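Multiple structures follow.
Two complexes, one shared chain (subunit A), two partners (subunit B, subunit C).
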Partner chain A sequence: MSSYYASKTAFLFYLAGIFALIVFLDLVFTGNGVQFDVGRFLTDTSPYMWALLGVGFTIGLSVVGAAWGIFITGTSLIGAAVKAPRIRTKNLISIIFCEVVAIYGLIMAIVFSSKLNDAELADGEVWPKSAYFSGYALFWSGLTVGVANLCCGVAVGITGSTCAIADAADPQLFVKVLVIEIFGSIIGLFGLIIGLLMTSKVREFDTK
Partner chain B sequence: MSVTAACPVWAPFFGFAGASAAMILSSAGAAYGTAKSGIGIAGVGTFRPDLMMKALIPVVMAGIVAVYGLVVAVLVSNDMNPSSDYSAFAGFVHLAAGLSTGFAGMAAGYSIGVVGDACVRGYLYQPRMFVGMVLILIFAEVLGLYGLIVSLILNTKASSKC
Partner chain C sequence: MEALFFNVENGYLEAIVRGFKSGILTSNHYLNLTQCETLEDLKLQLASTDYGNFLQNEPSPIATTTIAEKAREKLVAEFNYIRANAVKPLATFLDYITYAYMIDNVILLITGTLHERDTNDLLERCHPLGMFDTIAALCVATNVQELYSTVLVDSPLAPYFEKCLSAHDLDEMNIEIIRNTLYKAYLEDFYNYCQMLGSPTSEVMGEILQFEADRRVINITINSFNTELSKDDRAKLYPTCGKLYPDGTAKLSKSDDIDQVRMVVETDAQYRQFFDLPVGAERSLEDKFFEYEVFLNKKSFLRQFHFGVFYSYLKLREQEIRNIVWIAECIAQHQKERINNYIPIF
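Let's look at the complex of A and B:
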């Protein structure tokens, strides 16, 4: 794989793109071009799919970010503590900052899932506009919270690792590099705020 | 609250996509900026702790990029309401506003990270470089501001006539 011109991820994107192109051309050339309809796709799929995907993304991606941050920080912390054992307890706060990112995701997933209710459509009924609104809002809020927490977790992990190594070199640097880590953790908080704002007007799923 | 061709049911999908794009992409840029410049700043602190406070400027600017994304996401979210009309036009305008701030913020954050890392290392060796460092960082920051300006102009145009 390394002898190819493109990287492995680029290869996968090209493959997916070619597959999508083949599907599209097949629809167009067999006279079914009208089926390639984004609006129809968005309305034919159940709003519950969107909402529950959002809830899944919230907790899933937040925990990925937190885990990534923890392993980046933890390895540096232990490595630096070999020569400077005094740093090990103080620098656990960096691990806690990463854990807090996962807690944000957990809280938001619980808040989002509390907006779900089980409503069944009778034969021939369609979902009202507010149900689609709720579904789309929960999907995009979930993705926002999840990806913002992912980025935040990685940033806090890298700065936490930097903090541990700087502390091992010079104890008075700990508080100053911790300031950078705090700036990193506000990114996750912003994602949380936007997630709450977007879902504040969401109504429950109702067939009326 | 009617469903017509101009106000389809799927319009909020694109509106929320815009709000999300603004927040997601600018937080990616801000995260990169914070982490990458943080590495350089800790390096500065190891050798010259007295220069650390001034060397924190790249981190603050990366945080400002995240605030740009927050502002646009809040503006777009406030325009959306399940009980009022929402046209496809409004949805696409909000998508454009979100993508504009999002990609600009991601680029600005990336740039601030790389520049911050390199410039603070230079500032460590030559403290007279401070003014030059701040000027370069301002130019990188203003890229995110351009995206915000376009988003604000677009957002004023979002109207829903069903």
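Let's look at the complex of A and C:
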């Protein structure tokens, strides 16, 4: 395989990097360097954007993880069940473990979106600090839960595929490999717990 | 990392091959087979395994060649099923496996055509896995020049012919030397392709193909003692993808007898066991090579998400067919003293 540094995806990154560099240098050389202001970006963007991005990441990344896990397990299960049809029903547990990951994401997305309310900001006013906290907390919790569920779904999927193949070869192996899968699915639960902890102090958006 | 995307295209086929592998005869089956008195008994015993009723349409008395043929037909059907469902890069990998059989078929046809044998007879004796569309064109050629241009244009073996032989060589060289030159080019090509696929395929197949290369080096060396093959010619036939390359092959190309071969080979820890033959042993060097090959092929099933399982399954089933034919021959010729000289697999 050609090295990663020369592959097609790497070229896309190089292009994006060069474009960013050109924009940056343009700003600096035309005396507008002060426009590159991270602080202004953070205070000017509405906390709603962060909060809703968080909710989107929660459900989006969780579903990607669950789907990834299901296809990894499902293909091996179909193939192995041709020679050993007895494994079909038992190994649906692996699929269910992957599906549970998506449900975690769904629950957290519902919990997060219930913390949002539609507060209107009058002209010339700024959001109070609590609003910024709410926005950031929801964003990073969402990312936490989403990425944790993504990894969990993939882990459970790969182990589930091995479980199906091992079960087809020797029925005694099923429960043993299932234990490994259970350990893998706990990762998703960790993400859920931390997400809940982070957003427990989130108050609703308030213009005061 | 390979586990993330392997199953998209190859998960189903890998699981199918593992299902096939679970049907390979075990030592219990072999115990039953060795206790058969006649070939009819053997047929009955085989009917209770994965082979099923593969011999039921054959008129009795069955010949051992029929058993071998039918068993091979079953294997070819399974391989063709997998090949039909495969996409690149698995499809290319499976094609590489068939090139070895194609080389044998092409050599068979070239020899046969040059000696003016019957075309259909030759085509029937070709290995089914090594057939390609334009193979019949080889039979039509009347002289060497035509043969060479037909082979070059029409067959997938063209790159191997280009690299090492010219039309002049085809005429002059001994046919076995041609076969070995082609096989060397093919093995190196296959090895490079597997390395390109990345871990774990490259690791698993790398080990297997390295052993294959070293085995050929040792066999070529030993078989060329007391023949008119010069040492330089011998060195040109050695594949370069093995563990013995470059030091071992350089020394082997200069060796004159089996003790020197033994000294060179003993530098490698795993190959030492091949020459540990006590005097009058039942196992020959060839048997030891087969045993080690079976060991490597079994090992490839211990890892998941690589292409080595497809290659290993094919080789293990071929070994199984050789075992069954050996047992059948012993039974048919009433020589059951050496019936246990098959290579056990599982």
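Here is the rule we go by: the second predicted complex is superposed on the first by the 203 of 208 C-alpha atoms of A that agree within 3 Å, B and C clash if a C-alpha of one lies under 4 Å from a C-alpha of the other, contacts with A are read in each partner's own complex, and residues count from 1 in each chain.
Definition applied: contacts are C-beta pairs under 8 Å (C-beta built on N, C-alpha and C of every residue); 3 or more make two chains touch, one makes a residue touch a chain.
Note that the structure is a prediction, hence the values are computed from the model and not measured.
Of the two partner chains, subunit B and subunit C are each touched by A:A169. In the superposed model, A:V154 lies in contact with both subunit B and subunit C.
Looking at the superposed arrangement, the partner reaching more residues of subunit A, out of subunit B and subunit C, is B. Contact with subunit B, but none with subunit C, is seen for A:F133 once the two complexes are overlaid on the shared chain.
Applying the stated contact rule after C-alpha superposition, one finds that A:R86 touches neither subunit B nor subunit C.
In the superposition on chain A, A:F71 contacts subunit C only, with no contact to subunit B. Of the two partner chains, subunit B is the only one that A:V179 touches; subunit C does not reach it.
Shared interface residues of subunit A, touching subunit B in one complex and subunit C in the other, are 154, 158, 162, 165, 169. Across the complex, subunit A is touched by residues 3-4, 7-8, 11-16, 18-20, 22-23, 196-198, 304 of subunit C. Within the complex formed with subunit A, the subunit B residues making contact are 1, 3, 8-10, 12-13, 16-17, 19-20, 23-24, 27-28, 30-32, 34-36, 38-39, 41-42, 45-46, 49, 52-53, 56, 59-60, 62-63, 66-67, 69-70, 73-74, 77-78, 80-83. Contact residues on subunit A toward subunit C in their complex (touch as defined above): 1, 68, 71-72, 74-80, 82-84, 154, 158, 161-162, 164-165, 168-169. Interface of subunit A with subunit B (complex): residues 38-39, 42-43, 129-130, 132-134, 136-137, 139-141, 143-144, 147-148, 151-152, 154-155, 158-159, 162-163, 165-166, 169-170, 172-173, 176-177, 179-181, 183-184, 186-187, 190-191, 193-194, 197-198, 201-203.
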